[in-house]
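In what comes next, chain A is part of two complexes: it sits with chain B in the first one and with chain C in the second one.
Now for the complex of A and B:
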């Protein structure tokens, strides 16, 4: 109950001045680690080169134009787009950071100060992403320009709008899922193995590793459903596969609308889960820990 | 709905009762029978017991606080003393609302702290250890700006307060340097500034001078004293340094084993708990051991200099006797050092606790 009493929408998100301050402080904090940040940003682009070589080799070995409905160019375009989607939905250090703050007691600060921890983390993460995009914009642009040959022609404006909406929602979904995971630190001492399992599931089931519609052809014995149907029921696809599929025109019309709605529902579910985990976690912390 | 009305009624009642006499009637901190029990895992050493622990966890209850009652009036400066593990930090955490008590009630500034209402949280501050509020990799000035946002402080007022505090502690050149590069004392000064930017009415300090050199301790004493008198802040501070207490606090609360053992002024402590005075005598001709033993309890002997403990009641008659009988070059009479008094008090608390435990069957 005590945690519930403190909740108010006003404190959930900071004022405009709050945002700009938090942004500039996070920029400063990022810049304090600029070496790590620049290297991390640049090396994100290396895997795409290996992907191009890999799929060229796979296609020449297979000797066919299409694998699971994808051409070589489709694969490369798909991976470039997942990179884009992951840059929105991945939250490096979020869950681990929350769990660490619980373990070393620095979470106290957010109980003492008139600030909402989740709102604060969100603001910090938005700032983090903005800094990231400011730095990564040029290399991203160059990469997409160089790889333009792999892409189908630009989609229609509504598709682009839907794509942008999925990216924003994938950011929110990724944030709340990982924040919820981090909140488990209130119950267990060490969450790094849980984070590892989550990352693995995320990698396999989000479409980061391969396009998820490749799973449609794998039917689960006698049930009539495919593995793809099963994966569709999980939220992970919205953090990588879904935005890419939208851009590539694989999801359209009614299917697109319902997909966006389901994604929005997942965002709300994850946000509520995160809030509940935080409220229960702080209650537990204040009852047992400290 | 009924609840809302009941609450509103209570509120009106509180308003009328407090408006009749604005401050003195309502204590800033009001604590009744506060107790906090923790369950901790009991881990035996060794691999075998670790494996056993996977299936069968043993735990025991630690009673960090066992019924503490206390009121603090506005503008008081209270020291909370006690041996390690006495429950001092737990007490501060309860007042800050970080933890909820097992039993008991408390209000701070009219709020129940562990409900963590924002209007409560805007009005107090807690400094507990290093790396508390400041961003490690950034200059303190940045963390200060963040506080301005978090506490929604008016820009001009914030800048004025910040500049005053920075000047008071003379740390102007430090606030633009990453915090991690600063010394322990410098960091603590900046932590204190961060805690005071929003001009809290209640300030809770957990060992603010721990590990600091004498100069840093002095400047923090001066700073706290000045801020406290100028703003009328109510300050509770835990410490192990008697210098902090002597410099700052008129009131002292001693906690041992989760209970308040003593609550009163510092001078009262000395009056009540010291039975002796320390007398140092410089003799021309050092007297024999037996002569000295006749005056009091000898503590130390260094050539012609002798230190003695003499009963307080007997000092008025003993001292003239010594001065008449021997040729004394110099004499000083002092109180027993505060550290020793407090140590005696802690020991008394421990013995009392042990006694109570054996009486109740020793269920620790």
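Now for the complex of A and C:
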């Protein structure tokens, strides 16, 4: 299949017609089960209820108003914000779907058509997320309204702008990281174990489970560095922790600017890795089945 | 009754053969569940690096809490191994009409449908649960009494019975709803409340929630009662909880039986 996947910037994204078609397909698909989807999204907030009680209990015995710089209310707000951040950065089924299309041969239909496979996947995800937020806005809005007492006062406009920028970049980073993982399917037939390791690392190191500042108290032998310092070097934090910490005002000023720049660099690195994996992968690809 | 034990033994052997046919898959399933569980343990270790207790004066310091955590893992491992795989297949059987073949067999349909598949990889977490309980008990301020050791397996059985009742009722809902893809989601959200000591549910919202999750949907009794009976000294309130757990187990088993029978009576074959 060598040569089929030659890259041109015009092919990077589908045409406007392609975008609108994919968007309308996804809208129809989502709206078909809108009731189920609405209730399902609302149910996802149930664990927040237990988190509120858990952290209230932890703080009642901790003998301190702050844990790792976070108050009880900060913790609850943090968990709510991670749900929003993860709804941008999580890409359910992306890596597995790419690997499956390589394995069963269905990827070849993208390779022989005048569209870019990565661009097509990106367009489908954008459409999916747009529809998701259009419907999920109501349950999200309801939960954030009910829990408004846990949030600090609304941040200033630059912070809100930085927060939105981190969310958009977290979407791009999540997409390119998972797409790169899926592209490994060109080399290994079964990537489910790799996906599992990635999911595990992602869940633990992204700040999905707890604010990563809690890891600062764990020092690594005599090096003087903490586990938190090590985790800060990885890209995972930008898919959950970083946007939340920005909104809560834990990252400000120069630290915020450099954080945004590093996140942008990670997006570029992941996008290039994805493109290289795709080009190299299609060169060695032999179309089986289909 | 003996016949049912023999048939169950056959199910166990058949499931073991099936699991061992795909050994790599079995190992991966074990590693996957152990990975998620290790992450949870790491999270609680981190929490206890900032506090000595979960809930001021609740008694849930690190060793008792790890007994609680281990107990939860043991109960969930039993449920995930013996009942959940069958319940998941049940939804598909209703949708495809495969239930017809089962219903005409000369054996109790609920027994056959809820216990025909055993998932051995689920025991991996259970073994870690046993290790956590052993670790926690060895570090308790007061060693459990003989009465506590006798009560513990009985309360474990009550916890499993309550969850079994929930599973059967959720599975029975499949017949009424036609499809039940959210079975596992519902399961996750219901059991989520049982993952923490009941003492965390305090205050104007927590108090009523605790009452509802204890006496209406007895999910809080599942792990709390056995864990308390072993990890914390048994007080007057605990006796009431123990009685509540036994009653809840009996009620849930009875109610699930009635629900299942009612659902089967309403079943209209989907096959042609």
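One rule holds for everything that comes next: the second predicted complex is superposed on the first by the 262 of 290 C-alpha atoms of A that agree within 3 Å, B and C clash if a C-alpha of one lies under 4 Å from a C-alpha of the other, contacts with A are read in each partner's own complex, and residues count from 1 in each chain.
Convention: a contact is a pair of C-beta atoms (placed from the backbone, for glycine too) under 8 Å apart; a residue touches a chain by one contact, two chains touch by 3 or more.
These numbers come from a predicted model, not from an experiment.
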Let me test your reading of the model: by the given contact rule, A:217 touches which partner, first (chain B), second (chain C), both or neither? second
Touch test for A:56: chain B only (first), chain C only (second), both, or neither? second
Tell me the contact category for A:115 with respect to chain B and chain C: first, second, both or neither. first
Which superposed partner A:204 touches (first chain B, second chain C, both, neither): second
When the two structures are overlaid on chain A, which partner does A:258 contact: first (chain B), second (chain C), both, or neither? neither
By the touch definition at the top of the document, which applies to A:28: first (chain B), second (chain C), both, or neither? first
List of chain B residues in touch with chain A within their complex: 38-39, 90, 93, 96-100, 114-118, 121-122, 125-126, 128-129, 131-133, 135, 137-138, 142-143, 145-146, 148-152, 178
Complex contact set, residues of chain A against chain B: 2-3, 5-6, 8, 11, 14-15, 17-18, 21-22, 25, 28-29, 32-33, 105-106, 108-109, 111-115, 283, 285-290
Across the complex, what residues on chain C touch chain A? 28, 31-32, 35-36, 39, 42-43, 46-47, 49-58, 182, 185, 189, 192-193, 195-197, 199-203, 206, 209
If we count contacts the way the header does, which residues on chain A are in touch with chain C in the complex? 36, 40, 43, 46-47, 49-50, 53-54, 56-63, 67-68, 192-193, 196, 200, 203-204, 209-210, 214-215, 217-218
